[in-house]
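First subunit A sits with subunit B, and in the next complex the same chain sits with subunit C.
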Partner chain A sequence: MKTASFGERPVTPLEMSMTIASMLIGVGVLTLPRTLASATKSFDGWMSIAGAGLIAMLLGALVSRTAVKAGNQPFLEYASSLISRPLACLLAFFQMLYFLGFSAYETRAIANISKQYLFDRTPVEYIALAFFLVIVYGVSGSRSGLLRLNVMFLPAVLSIVVVVVVFGYRWFEFGNLEPFFVTGIPGLLKGMKEVVFSLLGFEIILYYIVFMARPEKAPKAVVGGILVAVVIDLIIYQLAIGIFSNVGAMNIIYPTVELAKEIQFPGNFFERFESLFFVIWIMTIYNTAVMGFDLAGECMAFLFKRMTKRVRHLILAPAAMIICMTPNNLPQFDLLGTMISYLAVGAGVLIPCGLLLLSGRKKGTAAHADTK
Partner chain B sequence: MEYKSPAEKGPNSQTGRVPAASLAENVQYMKDQLQSPEDLLIKSIVMAAGQKGAVACIDGLVDKQLKVQILQTLMQERLSIDSAGAKSNEAEQGAEEGDGSGDGMPVEAGKIPVQDARYSTDWDDILLSILTGDTALFVEGAKEVLLLGSKGWKSRAVEEPQTETIIRGPRDGFTEDIRTNTALLRRRVKDVNLRFESFRIGRRGRKDVIVAYLNGVVNPQLVEEVKRRITTIDIDDPEGSGYIEQWITDRYWSPYPQILNTERPDKVAGAIMQGKVALLIDGTPFQLIMPIMLSSFIQSPEDYYQNWILSSVLRILRVISAFVALFLPGLYIALLEYHHGLLPSKLAFSIAGTREGVPFPAVVETFLMETTLELLREAGIRLPKPIGQTIGVVGGLVIGEAAVTAGIVSPVMVVVVAVTAIASFAIPSYGFAVSIRLLRFGIMLAAAIFGLYGIVLALIMNCIHLANLKSFGVAYTGPLAPLRLGDWRDFIIRVPVMNMVKRPAILETMDEVRINTDDQGEKNK
Partner chain C sequence: MRIRSRRRIAFLFVASSIALSGCWDRVEIDQRGFIVGVGVDAVIQEVDESSAEEESGSTPSGEQTNSASNKKQNKKAKYKVTYQVVTPSGMKAENANAQPTAAYFHLTVEGTTFSTMEANLAQRMSRAPFFEHLKVLIFSEAVARRPGDFAEAIDYFLRDSQMRRSTKVMVTPNKASEILSTQPPGERLPSAYLELVSSNGANSSRILPHTRIGEVQESLLKNKSFGIQTVSNGSRTYSTLNGTAVFSGRSNRLIGFLDGRETAGLNFLRDSIKGGHIEFPYGDEGRGVFIVQRMTRRMRVSFGKDGLPAFDYHIEVQGSLNEAYQIPDTLSEKTLYRMDEYVGQSIKQLIESAIVKLQKQYRCDVIELADYMSRKHHRWWSKHRGQWERGDDLFSQVPIHVQVKAHIHRTGNINISEE
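The block that comes next holds the complex of A and B.
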């Protein structure tokens, strides 16, 4: 049945910030204290987070500038008007690969962590499959519904972080943070690289900007969303180092989940809080994965214009499942993550920024031609 | 009315058939059509001027006193009738075919002491009017028939609503009679802009449906959409509001109700004042309100009559109760089957101790007990009231106790089932409570397969469904998502009345302001 259109008011900047934040808060935060602790000494990782945050915000602002430039037309259409359709198709292919890989990576992470913290006997394949089916269910609905889902889940995720922080400070030892400023520049840079990788994902603004009521506010919204993620990274990192110390955090696979394990409530109501923490965290990881899958479908739609949504999903879902199941062990899984991150930097960040330059030049020459 | 219902003409319609000039022929035709049932009263009369006539009506649908008055007026001298049958000018509009003056109705409508009287030359119209309680006057030599409004039948008195009882607030509830219901609404909303637009739905049932809204407040697009959907209804008989609700709902396969039904006039009046649309339906005390959001189910009219702090706390309690009713049995399964470690060790030991003799795994136990509970509930509704309560007590206490003693279930299970049941009774909307009962089993299934992970996946699926759901174009999860922070004043927390300045933004009303904050006292529209 046709519905009245008046309720379909597009997304506000605040909601877009929440969407970006839920995209960025995913698996990365769960392992961040470990990767950062291995790269830096003592508590110096905070500089890496701050620096990487600034870089990410700058890149985010640039990418969203590109999105704003595209105006009302979809990003890929805009790209093909700038760099010709074959090149745009290549870009679409890489972005599709990236988004699909991203989605698969998050799913595999969910399966791995679930196996470690929730069930020990259930095979990883089944856990991932169940998650994937829910993702397919999610993308078969409306896309603005997905954006609404972000807005629904983010508060729950933020409040669980607050709970962890409030109850976790009992074990916080300030001595663990000392000494300050002992890491060299290379270490900091290496740490920054890790943080930037965990902050990738803001490229979704390229596609979701069409839902915004006032697209010109996109850069602000993106920067706001990244800021939320950076603040959460900082809070979790300092708590993890304060509780486990640098050496401890380095040797725990999922330090953030272990943080939740340390928590004890008055009256011992929950014995193992980390299960609950992780279960809530699944919601934000789901958001990340489902948006990735949705956008992979969107890129594919650009490549194959006549394909229906159902067929696209029927092709993409098994592909993602295969990517998801390819790594056999943790190092391979980490390698997959690194590969996807490089793909993200290339296809998701650098090329859109290049497009921005290109469009600026084109506009410049056009203006120049006008004056002639 | 610009909206013509497709069911305007019934299946037994005699389109175009007009009454004849002969009285005997007309009476015979009417008798043939209705097969002269026992409750059809036809009285031949001789009017004051000596003309022959007949009065027809259905016994039981007409006001007896009014009918006597009509007969008296017709038969007494007071009614002057031109023997030529020429009508007065004011009645001319009712009869386009009355140009052959001999065919016109000789009785002037204005002289009969009834509220509404009109002329008709269409048999469908005449028969339907008789069947809805009007009295028809046939006169020898006239092709026109005078229809006199004489509706009046036995209807239930206005009583306290059965389904939605509250402690503080008005005690009147809707009845089955649509006139009483419109009156109840009018008494609450004395605004000149209150609009009632009536439709007649159903090829055979011919139900009166009234679309009620506050003009100048409600979004006109919403009213248009409601009216459009109503006119699509083409069914022989839409019995009660349930048929109409199901027909015009956005997604009929969703377990969640997308239209609110209520017996309380104050609830309908409040909704209309907010900028929503209400449907009043003849023959049922349950009236419909649309559009609604998920939050409508945790809100009760009582919230507005009480102190705001109390109301807010109660709403939070209802949210918790909704979650408990939905998740508790599933959590029980997940914790016992998959995650013993999550429980404090002392509690885990005591639960394990009580489950010692229980032969079933927690999954079977939970499904067994939940099904028993649903069975008890259903039985309690079907039985006559005094026995129904006994079933509740007997079932709840005795079966629970006996099951524990027999070692079929553990005492903790009985506690879980009881708390779940109580939590589901705390939800103000029955329709929503039923949805939750249904979904609870889905959650239990998910928990049985994947434990906590399954529960969270089920929760995510549920949320996706809710995020995609709309009620007449309004997002179902508002004002949470899409985020309308202004509407949070009356969401889970209800702020003091003085601070609820605006109507819900998500309804996009024409007049947004509820409270005049202007010191001048000038209401700016």
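The block that comes next holds the complex of A and C.
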């Protein structure tokens, strides 16, 4: 029972890597230098990024192993065969909540940032609404089309990062990176937590694996995707510290956007590079949010089998908007982000890994269940 | 079916005409008042309005100065801020027949906070003030010296999302508004002119590398002393960038200036020399000018018995001879060698004058020794961080040794000019 039967070519492992990468590159990178700089001293955050990257890759491999185990059946069906349907429903509910919250969070974040840098007078609600309507439009079409969108947008995102780095080095001061290795272990761990949170989202492989022609390649694809995101995090982080220094990065709300703002092209004929940067970055955030919303719909479909797609979206979209507009200020918004991250760790990472353990133990009985 | 789809299309048309035409933030480019320079002066309480009026009366045509007339404001006002606004008509390519119009005008507002002053500005301008192209920010000495005011004033220029962290900051011992109104012939905008002069370091060793506002914030956050370019007013047609305004990390305010010679010394110490001329004596009568082309700096720290670090600078300068009076036979090796010596001594004098002033008079570590220690000797630094400029005031006690070697590679087209 392949879901990818829209008469389209199935997704290759490379395309799956790109999907994972675009899922992970979202609003996290825009604030990451600040959160990392607050947790660590000097340039030591790179160790946090590297450590967190390794953890994320390990978890990603485990989660995608679970996805591979599920084989051709959708993940939630597979889960219900392992842990009975009521429990699977509970899992589906939490995952729905997570994906919905994730998509709402990304929407609010981009609305906040656009408000600050682009639309001074437009109310933030309208920015979020406009963005969200496009998301709803995106998910009402073909699902594998969303994956193709990643393939289209990711190269643009990578090239804008390259431009930022190449032209940003003009203000780079190596001295800002020194001294090395001065942060204690607690600081590094705290930084690692922040990075792991920004790297969450690879759980989508559980659902999107059915689009892959050769699902057994999924773990590799996921690890590759996470690697891309980790490398981008590292590049942006070192540039931000090199230009703003540690205290500077700590006190800038969106260091990555300020990086783009610092850029001046020789010849002065092209100013305000950040507007271009925004356009491109909104594309990747759109990808992230649209996949989150799509999967929230998927989870809901498992809960209410007879509901049509249109009704599902009609219920989910207002719910997402409400979540999106609940935080009133930056600290509340950060709190929302943390809550969603914990939900992701629980519902998206730990439970699937638990299922993997369970399936290993149930191997004898599982073979029995399969024949049933 | 057909009617239905037609209705749908009609609905879409209406919806899109509403959705696509509305843009909350649309401001046409000709509706924006581009502000390219801001000068911040202190309000001196004694100055009454009539004298302020006189000042604005003496300004030349093409420039209007409005001083705040609100008496209530004047009482509490702390800053007197001059905004340089671009007039689009003045920026156009000049018509041969048309009378050249000024490319800018000035508005002066008084107040205590910059946002309210911006609001005041909007009350007076036909176009909404727009700061995205702000090039220079000039603070007068009086503002920079008042405790707390400088950091306070800079907050707005960092926080507002229109502002860039690469805006240049300068300090002037004169009035900031005067600096903003220097207009050399051929230059349309004083702010653009100042920005260009500020990056002229390749031609003069006495210009400190330009200071970006982002760097100022970093220094303020680190509580470290730092220097800002000083601009002083020569005349109406030029301003001079010469010297350094020294800000103390203890109080985050201006505590004094370095003159051009000392700034050159500071530039040598900080390895920020890009070029420049060094005048040196030769014997009793002779004089020469050396042009710096390249310099390398090595520094070393050794810890003495008392645990205090001592700094050794080895500076090597390469360049050419550009002018010589009464110097015999510039081609002979002996003369070259002697000239190298003299150049080295002159540079050393520059450096030492800077060190003495910073260590003994200002006690401010603008040389960035603190940065160096925190980078290379972090453990020592984390123990003595509080004693560096405060407390025991270690900075003013640490020995700094300087060795300068100069090499003259070229002596120009001629040997000697007179016998």
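In this section, the second predicted complex is superposed on the first by the 356 of 372 C-alpha atoms of A that agree within 3 Å, B and C clash if a C-alpha of one lies under 4 Å from a C-alpha of the other, contacts with A are read in each partner's own complex, and residues count from 1 in each chain.
In this section, a contact is a pair of C-beta atoms (placed from the backbone, for glycine too) under 8 Å apart; a residue touches a chain by one contact, two chains touch by 3 or more.
Model, not experiment: these values are computed from the prediction.
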{"item": "When both partners are placed on the shared chain, which of subunit B and subunit C touches more of subunit A", "value": "B"}
{"item": "Contacts of A:V182 with subunit B and subunit C, given as first, second, both or neither", "value": "second"}
{"item": "Partner chain in contact with A:Q264 - subunit B first, subunit C second, else both or neither", "value": "second"}
{"item": "Partner chain(s) touched by A:W46 [first = subunit B, second = subunit C, both, neither]", "value": "neither"}
{"item": "First (subunit B), second (subunit C), both or neither touched by A:L118", "value": "both"}
{"item": "Subunit B versus subunit C as contact partner of A:F197, first or second or both or neither", "value": "neither"}
{"item": "First, second, both or neither for A:F293, with subunit B first and subunit C second", "value": "neither"}
{"item": "Subunit B versus subunit C as contact partner of A:Y98, first or second or both or neither", "value": "neither"}
{"item": "Subunit B versus subunit C as contact partner of A:R272, first or second or both or neither", "value": "both"}
{"item": "Partner chain(s) touched by A:Y137 [first = subunit B, second = subunit C, both, neither]", "value": "first"}
{"item": "Residues of subunit A at both interfaces, subunit B in one complex, subunit C in the other", "value": "118-119, 122, 271-272"}
{"item": "Of subunit B, residues touching subunit A in the complex", "value": "219, 221-222, 224-225, 229, 250, 291, 338-339, 341-346, 348, 450-457, 459-461, 463-465, 467-468, 470, 472-475, 477, 480-483, 506, 508"}
{"item": "Complex contacts: residues of subunit A adjacent to subunit C", "value": "116-123, 126, 171, 175, 178-179, 182, 244-245, 247-248, 250-251, 258, 261-262, 264, 271-272"}
{"item": "Subunit C to subunit A touching residues, read off their complex", "value": "24-25, 132-133, 161, 164-166, 212, 214, 217-218, 221-222, 371, 374-376, 378"}
{"item": "Residues of subunit A that touch subunit B when the two form their complex", "value": "1, 3-9, 11-12, 14-15, 18, 114, 118-119, 122, 127, 130-131, 134, 137-138, 141-142, 145-146, 148-153, 268-272, 275-276, 279-280, 282-283, 286"}
